[in-house]
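Comments concern the structure below.
Each chain gets a letter, A, B, C, D, E and F, in the order it is written, and its residues are counted from 1.
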Amino acid sequence: MKKVVTFGEVMMRLTPPGYAKISQTETLELTFGGGEANVAISLAYFDLKAFHVTQFPDNTVGKAATQFLRRHWVATPYVTYGPMDLGIYFHERGAVHRSSTVLYDRANSSFANLDPSVYNWEEIFEDADWFHWTGITPAISENTLAATKQALLAAKKMGVKVSCDLTYRDSLWKYGKTPQEALPELIELTDVLMTGTREMILFSDGTEEMEQEDLMKNFQKTFPNLEIIADKKRDSINASLNALSGMMWDGQQIYQTKELSVTHIVDRVGTGDAFCAGLIYGLLTKEGNQHALDFAIAACALKHTIEGDANMVSVADVEKLVSGDSSGRIIR
Amino acid sequence: MKKVVTFGEVMMRLTPPGYAKISQTETLELTFGGGEANVAISLAYFDLKAFHVTQFPDNTVGKAATQFLRRHWVATPYVTYGPMDLGIYFHERGAVHRSSTVLYDRANSSFANLDPSVYNWEEIFEDADWFHWTGITPAISENTLAATKQALLAAKKMGVKVSCDLTYRDSLWKYGKTPQEALPELIELTDVLMTGTREMILFSDGTEEMEQEDLMKNFQKTFPNLEIIADKKRDSINASLNALSGMMWDGQQIYQTKELSVTHIVDRVGTGDAFCAGLIYGLLTKEGNQHALDFAIAACALKHTIEGDANMVSVADVEKLVSGDSSGRIIR
Amino acid sequence: MKKVVTFGEVMMRLTPPGYAKISQTETLELTFGGGEANVAISLAYFDLKAFHVTQFPDNTVGKAATQFLRRHWVATPYVTYGPMDLGIYFHERGAVHRSSTVLYDRANSSFANLDPSVYNWEEIFEDADWFHWTGITPAISENTLAATKQALLAAKKMGVKVSCDLTYRDSLWKYGKTPQEALPELIELTDVLMTGTREMILFSDGTEEMEQEDLMKNFQKTFPNLEIIADKKRDSINASLNALSGMMWDGQQIYQTKELSVTHIVDRVGTGDAFCAGLIYGLLTKEGNQHALDFAIAACALKHTIEGDANMVSVADVEKLVSGDSSGRIIR
Amino acid sequence: MKKVVTFGEVMMRLTPPGYAKISQTETLELTFGGGEANVAISLAYFDLKAFHVTQFPDNTVGKAATQFLRRHWVATPYVTYGPMDLGIYFHERGAVHRSSTVLYDRANSSFANLDPSVYNWEEIFEDADWFHWTGITPAISENTLAATKQALLAAKKMGVKVSCDLTYRDSLWKYGKTPQEALPELIELTDVLMTGTREMILFSDGTEEMEQEDLMKNFQKTFPNLEIIADKKRDSINASLNALSGMMWDGQQIYQTKELSVTHIVDRVGTGDAFCAGLIYGLLTKEGNQHALDFAIAACALKHTIEGDANMVSVADVEKLVSGDSSGRIIR
Amino acid sequence: MKKVVTFGEVMMRLTPPGYAKISQTETLELTFGGGEANVAISLAYFDLKAFHVTQFPDNTVGKAATQFLRRHWVATPYVTYGPMDLGIYFHERGAVHRSSTVLYDRANSSFANLDPSVYNWEEIFEDADWFHWTGITPAISENTLAATKQALLAAKKMGVKVSCDLTYRDSLWKYGKTPQEALPELIELTDVLMTGTREMILFSDGTEEMEQEDLMKNFQKTFPNLEIIADKKRDSINASLNALSGMMWDGQQIYQTKELSVTHIVDRVGTGDAFCAGLIYGLLTKEGNQHALDFAIAACALKHTIEGDANMVSVADVEKLVSGDSSGRIIR
Amino acid sequence: MKKVVTFGEVMMRLTPPGYAKISQTETLELTFGGGEANVAISLAYFDLKAFHVTQFPDNTVGKAATQFLRRHWVATPYVTYGPMDLGIYFHERGAVHRSSTVLYDRANSSFANLDPSVYNWEEIFEDADWFHWTGITPAISENTLAATKQALLAAKKMGVKVSCDLTYRDSLWKYGKTPQEALPELIELTDVLMTGTREMILFSDGTEEMEQEDLMKNFQKTFPNLEIIADKKRDSINASLNALSGMMWDGQQIYQTKELSVTHIVDRVGTGDAFCAGLIYGLLTKEGNQHALDFAIAACALKHTIEGDANMVSVADVEKLVSGDSSGRIIR
């Protein structure tokens, strides 16, 4: 069983029931999520040995967050506890023309205030096969940028394969560094990159006029260390109805998938993370790059039907969809 | 900030959770609604200064109804309290080929028994820009007909613009008057009329053979005081899937909107009220009649995704849809 | 009012709220269901006099199951109580490409351990017009096979019309008999058969290459006692979106229905039972075989919008859809 | 198994969750209750054959009320359906110094508007052993007074034992008759009377200065037809803590029970009805008047721990408490 | 109707259902609370005209907090909106020997970051009769200390009566000032002080050896501006069972109340605020200081039965308990 | 950190909300429990390293049970998965004179059918300090008896301290062995015994006439290997109100605790397991036998306030009560 390590912030997610708004409700559904932890949970449901590294507040809320990870099969021996609070996000479900909303209360969280020196990455990466990080983490604080860099250097040193979801969020990056200053040296320590076109344009000489395929090829020229550049393409007809397909460049060849129509979206959050987890799993199983991308898109599609942030489907669930069975017939 | 006044009955709405029927449940969701109050709430969420005038029972249930209006930004200084009970309606959500149902328990409510002389309409309309009523109110009792008429006369006298949603309900009109006797003189005191084709045929010499456009033009001949006649057109594919568009005649020109497909209906109730509120807002902002109608249809479409009777979306939410962005992408 | 008798196991159904999985929840929705009892409830909602015969454990759970049947208008004077437990099934709702799942905990239930000699079928069938059984019951245990056979012999003797839903489940048939040994003599005592193509191939010389129409004709040659062979055909686009149509052979003629598109499935379980109940009702009302099949398919379609196992719609609800009104407009 | 008949109004009961007030909640717990039906349910849980006679509205709410009775083992063949609505009451749970509240919305209900001529009491009382009515029913309307009187005359004629809970409510008696005009002739047709001291003073020459024991003896002199006069005595320390004991006069002897301390009240509503049902059961089983009173008080005490209006405990539950085991140890 | 103004932070309160801990739940009950706003709500339920002044974040969560105040009758025209987040507190209900817990996530809230210059206290206090503040507010930040001082100076100038609940919390006071530096000059601007013995010792030469009565007298010597010093005394037998009584010094006389036993606590939070609101109401109605203290203790006792932070009982509810009726009998 | 191992069946627990009965509800609260696993969870919350050994069904329900243990800090590497189902128990909360009830559906569970040979106890006990078993496990099946014996022999061999809760249940022991045949040799392999008087009489020559103290001394004569015999004594005033105290014999001395009054019981289930866990913790920390017993009784008392089967309190929570602080004041 492969060992995978992820590192990043986990937040409490609070959602009104059904399609209510916060101003209409007196109860909130409680779960936890965060891009990297979502990948860990998804991989744990794929029966990999997933470890998540993060910092939580040293109180019952921080403990409950750890307990959430443990419940969903993620190992937590490297979680640290510190002062300050757990980040929170409020989520209102949208439908049709009404967007879902996400409102963050994460400034100055325990995670943002972590001390990078407390993580012994060499111990953490012992026997590890893979390390996954995202562009969110270095955007949070000087501390989390430093910790990410240390992790990447250790991973490189120990021969652990590294993937990154390069997601760029305007609303972060408040601590003084710009992404252009911080990220390139981290990308250079990465092997597998999941990224949209916007990020490729931000961090290379790619332009909006270029096709996605060409952007990928161009981006790899900028960062020749990248073995894989992959993306899911989403056609967002409305908040309840999307169509998905994947594209990937491995330095040799462009791979594409057929389109999957997600006709009744249950939960849109974390679908990108499900794509990443699917791709990591697919690449680790070495059944070929086309299969890895197909697996990633199928996993992503299935996540749209799972409540909460993280994809909780099995390899068999995904392979059924990869094999073309999208009928959703009752399993008895 | 514009001041808008609405007048009408508010009922308690009781709905089984999910798609359950009353015979399947042991809990009911509790909210409040009524055509005119729904308009007031919607306008309050558009940041207008909305006042609702009504009568509630003088008990904890009546107080809770007032509290509901206050919670959703509506001002309630003119609400009166009297004997009898609050009207109630039971609502079962339908889906696909199963209709939603509404079962009224509203006979002999506090509102039906109001004393028209207690409302000082000149005080209520001080600084008011708009007054909205519906064909439901005069259908309830002699008292509510009288109060409506007094309100309209006062509005006219004070130069307050008047709109009406002419909705005709067979199941009302039990107190002795027919709509043909009661309504024409009220329509004559109205400036902006929202009405379906059925009502135009009932109150004019229009016929079922006439196109909606011609009915509007013909109806305005009967009531030349009407500056605007508008309607939403609904193609009801099934209970979960509708398509919407708008039509409007301003005495000069027929306006139409493109069709919006509401692919996953969350709550069908109050969508007509959302159209009215959208149109009132659009006309008040004076960005042109085409924009007013587009705004009304977009507001109506969004209401299909909001739980409860009233539309709780912002002007920005509506304008985004008016501008053509129907993608429903997550807002972070 | 026609009297209809059904016989079969009823299980407790436990479902996480919304689309959650069992590993995500701390509450379960509780209802009861079973193929034959679902038919009884549906017929009771069609205002027939429905009696369900079964065995429950002699404890509060067994009593609650009886109370569920009584609540939904089914008469329970012939229910027996014995040792062991009530069967349970866990149900996770699926959506789009994710299948709903059903996990049974029914081995060694009170029903499986019933004593066939305690049922006085001649008393039970007094004044009865119809008896319905399914292929599930003889698959459970030697006891339930014996009881089914006794019921059928009594029904035949007393001139009670007999229908069967021949559903074959691999996961049952663990007690030593094969379906090929047990079922043919029971089919020979049956008048109206609901069956898919798979079962027709299992119990006759039909082949997978044959069209459904020909399989029906061929199957009736094997069992010439069958007056009616009927099936619903399901096009399962995905777990949330199906299309339905019906086919029936009455020895003279093939009947077909137009296709109904169920665009937003609420609950997929029990839709076959709703078809059976619709067909039984349709045949009992003797408005013609085409109408019976149309009624059955419309009932089946409506069940997809009802929560729980059993169809709780009225004859008027079904007839409205049969008549072509699929608009799902609000009923006030 | 004894057949018992009850007659009276059933209302929908709506209660906020926990100790919330209506102004604090967005969900309501739904159940049904009414003094006489509560007696019927309690007796049905004691394994008697209980029939409730009432009128419900002819809609899904009225059907759901019938289904509630059926679910709780009460037979409903004599229920009639008519126009108007189901009475509703809103209930807020109190605790300690805060009273529970009950707010009625029952004016002009279907029950109040029943047609007395539709009940064939001779058919209803066939094989019946007991009939129970309360002072609420004749207080509602001229119609319900008439129906009560017809029922009592038929019961007398057919030798059915009659009990009455004489509860007097100021808020009723709005239709023109006073209780002093209406009730005496009904009491004269009654055999067993449950009544507090207040009612005995209202309907006889008893005075507030008299002890309860003497009031009972005196009352029976006024109504010598009464075989039994009984009452529960409640020491209401606060809304969560009461002490209960019983007193009874059978024309020969005063019976009393020891005091039961109800230390943690779950639901105070319907505890008087539980006392009546306990007494009826105790008298029917003919184990002596002392035992009947002990049984009634124990049943009453247990009702304080049952949610909803009606007592849902078994004879064994009550006998355990009668026998002095008040330990409440877990039953496995 | 008297106008009362309060000023202070409002937080979102999140509580697991029943007695669950955060680690056991997937839903949280949502309400809002804060010492001063709790006083405002309580006074609004006493039918005074209550205004709360605070700063909320300018997002849907801040709006929902305002809506909560409006729903509970508090006027909010002076609420300001700014950056940062709403303070949150997690509350786990305790019972018996298990304490309830409150875990704050309030550092760096919108309220802490308010700009004191935006509040026009002279406008706010127009026509006001009373201003209430607590020792929490100056403990939060330099900004909130400054705003409190400005409010007090304005109140003094405009002749508005001022009360203070001097609650001292160790966990606050992190911004550089000590309470001994900040509070005395604020106390000097106050007329009515609610305070425990601990605070009196902190801010005067009182000692732990002194009786509460003597501490009050001594404290008033230090702050001769104080017209009233009052406290509730709590005997905490356990988390579910407390006894309450009041003591007050008005410079002339010591007042005491009888003890109220709260035998079944529903919600312990906000009971001190309920005492303050009761005292303010009692003093405003000028029915004598003994009555004011009795009213305050009765209000405090009743709050223990109300869910959420704020007391939502009426004057009649409190007066009933003041008058000695603690029976909690059902009110119909 | 000490390593503790427990072995035994875990069942799904299903409980209606509040005080409802199964026949009144449509939702059930879902948790998991079992005597030995409850001990493991409690010890894990005391920050010991707790491992639970059991067999679960190899399906989503079995996985969810494992996930429950993981969530509550128990390590599960030795859990095995097999055929059959998870045991279930239905629990109805009682109050005052109404007992809580527990109804088992556990016959023929996966655990009962485990293969004893699959557990490698020498590996499991590596570095272990303590092993805990109960009298329930050998009562279930020949297989579970065999596994218990193998575990005990291995523990003895490896020097692991062994404790047992000797609970005797009549309703088990159905597989052919009597407890008198099976248990003595297991008790002989045990060091610390928790037992009531009933079990001591069953397995020794103790008699009902003997005082508990003497029974303990006598029992230890029969089993001189026992270092500790301990029991909690419960005075069950009613289902909501109990008093607790402890007694213990260590071969030298009788220890007793003061009585703790549990005035408002939240959940009675698992309180004996909480006592066991408290005693194990107390003995492991070696602060003296009196402290160990005091800790055990305090832990037991606190469990009565925790929802679910297992005690989820911290060492600090227990020590606070041991130190005499039973005030339950809010912890902020």
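Methods note: contacts are C-beta pairs under 8 Å (C-beta built on N, C-alpha and C of every residue); 3 or more make two chains touch, one makes a residue touch a chain.
Bear in mind that the values here come from a model prediction, so they are computed numbers and not experimental data.
Taking the definition of touch as given, a chain qualifies here only if it contacts chain C and chain E alike; those chains are A, B, D, F.
Chain centres were defined as the mean of their Cα atoms; on that basis the chain farthest from chain C turns out to be E.
Distance from chain B peaks, on a Cα-centroid basis, for F.
More than half of the contact pairs of B-D, counted by residue number, reappear in one of A-E, C-E or A-B; that pair is A-E. Computed centre separation for the pair chain A/chain F is 41 angstrom, with centres defined by C-alpha atoms. Inter-chain spacing, taken between the CA centroids of chain E and chain F, is 45 Å. Multi-chain contact residues, meaning those touching two or more other chains, occur in chain D at positions 21, 23-26, 31, 67, 71-72, 101, 264. Contact residues on chain C toward chain F in their complex (touch as defined above): 14, 21-23, 25-31, 59-61, 63-64, 67, 84-86, 88, 90, 92, 101, 103, 105, 107-108. Of all the residues in chain C, the ones that touch chain D in their complex are 67-68, 70-73. By the touch criterion stated above, chain F contacts chain B in their complex at residues 24-26. Of all the residues in chain A, the ones that touch chain B in their complex are 18-21, 23-24, 94-102, 104, 169, 171, 236-241, 264, 268-269. By the touch rule above, chain D contacts chain F in their complex via residues 31, 71-72, 260, 262-267, 298, 301-302, 304-308, 312-313, 317, 321, 326-332.
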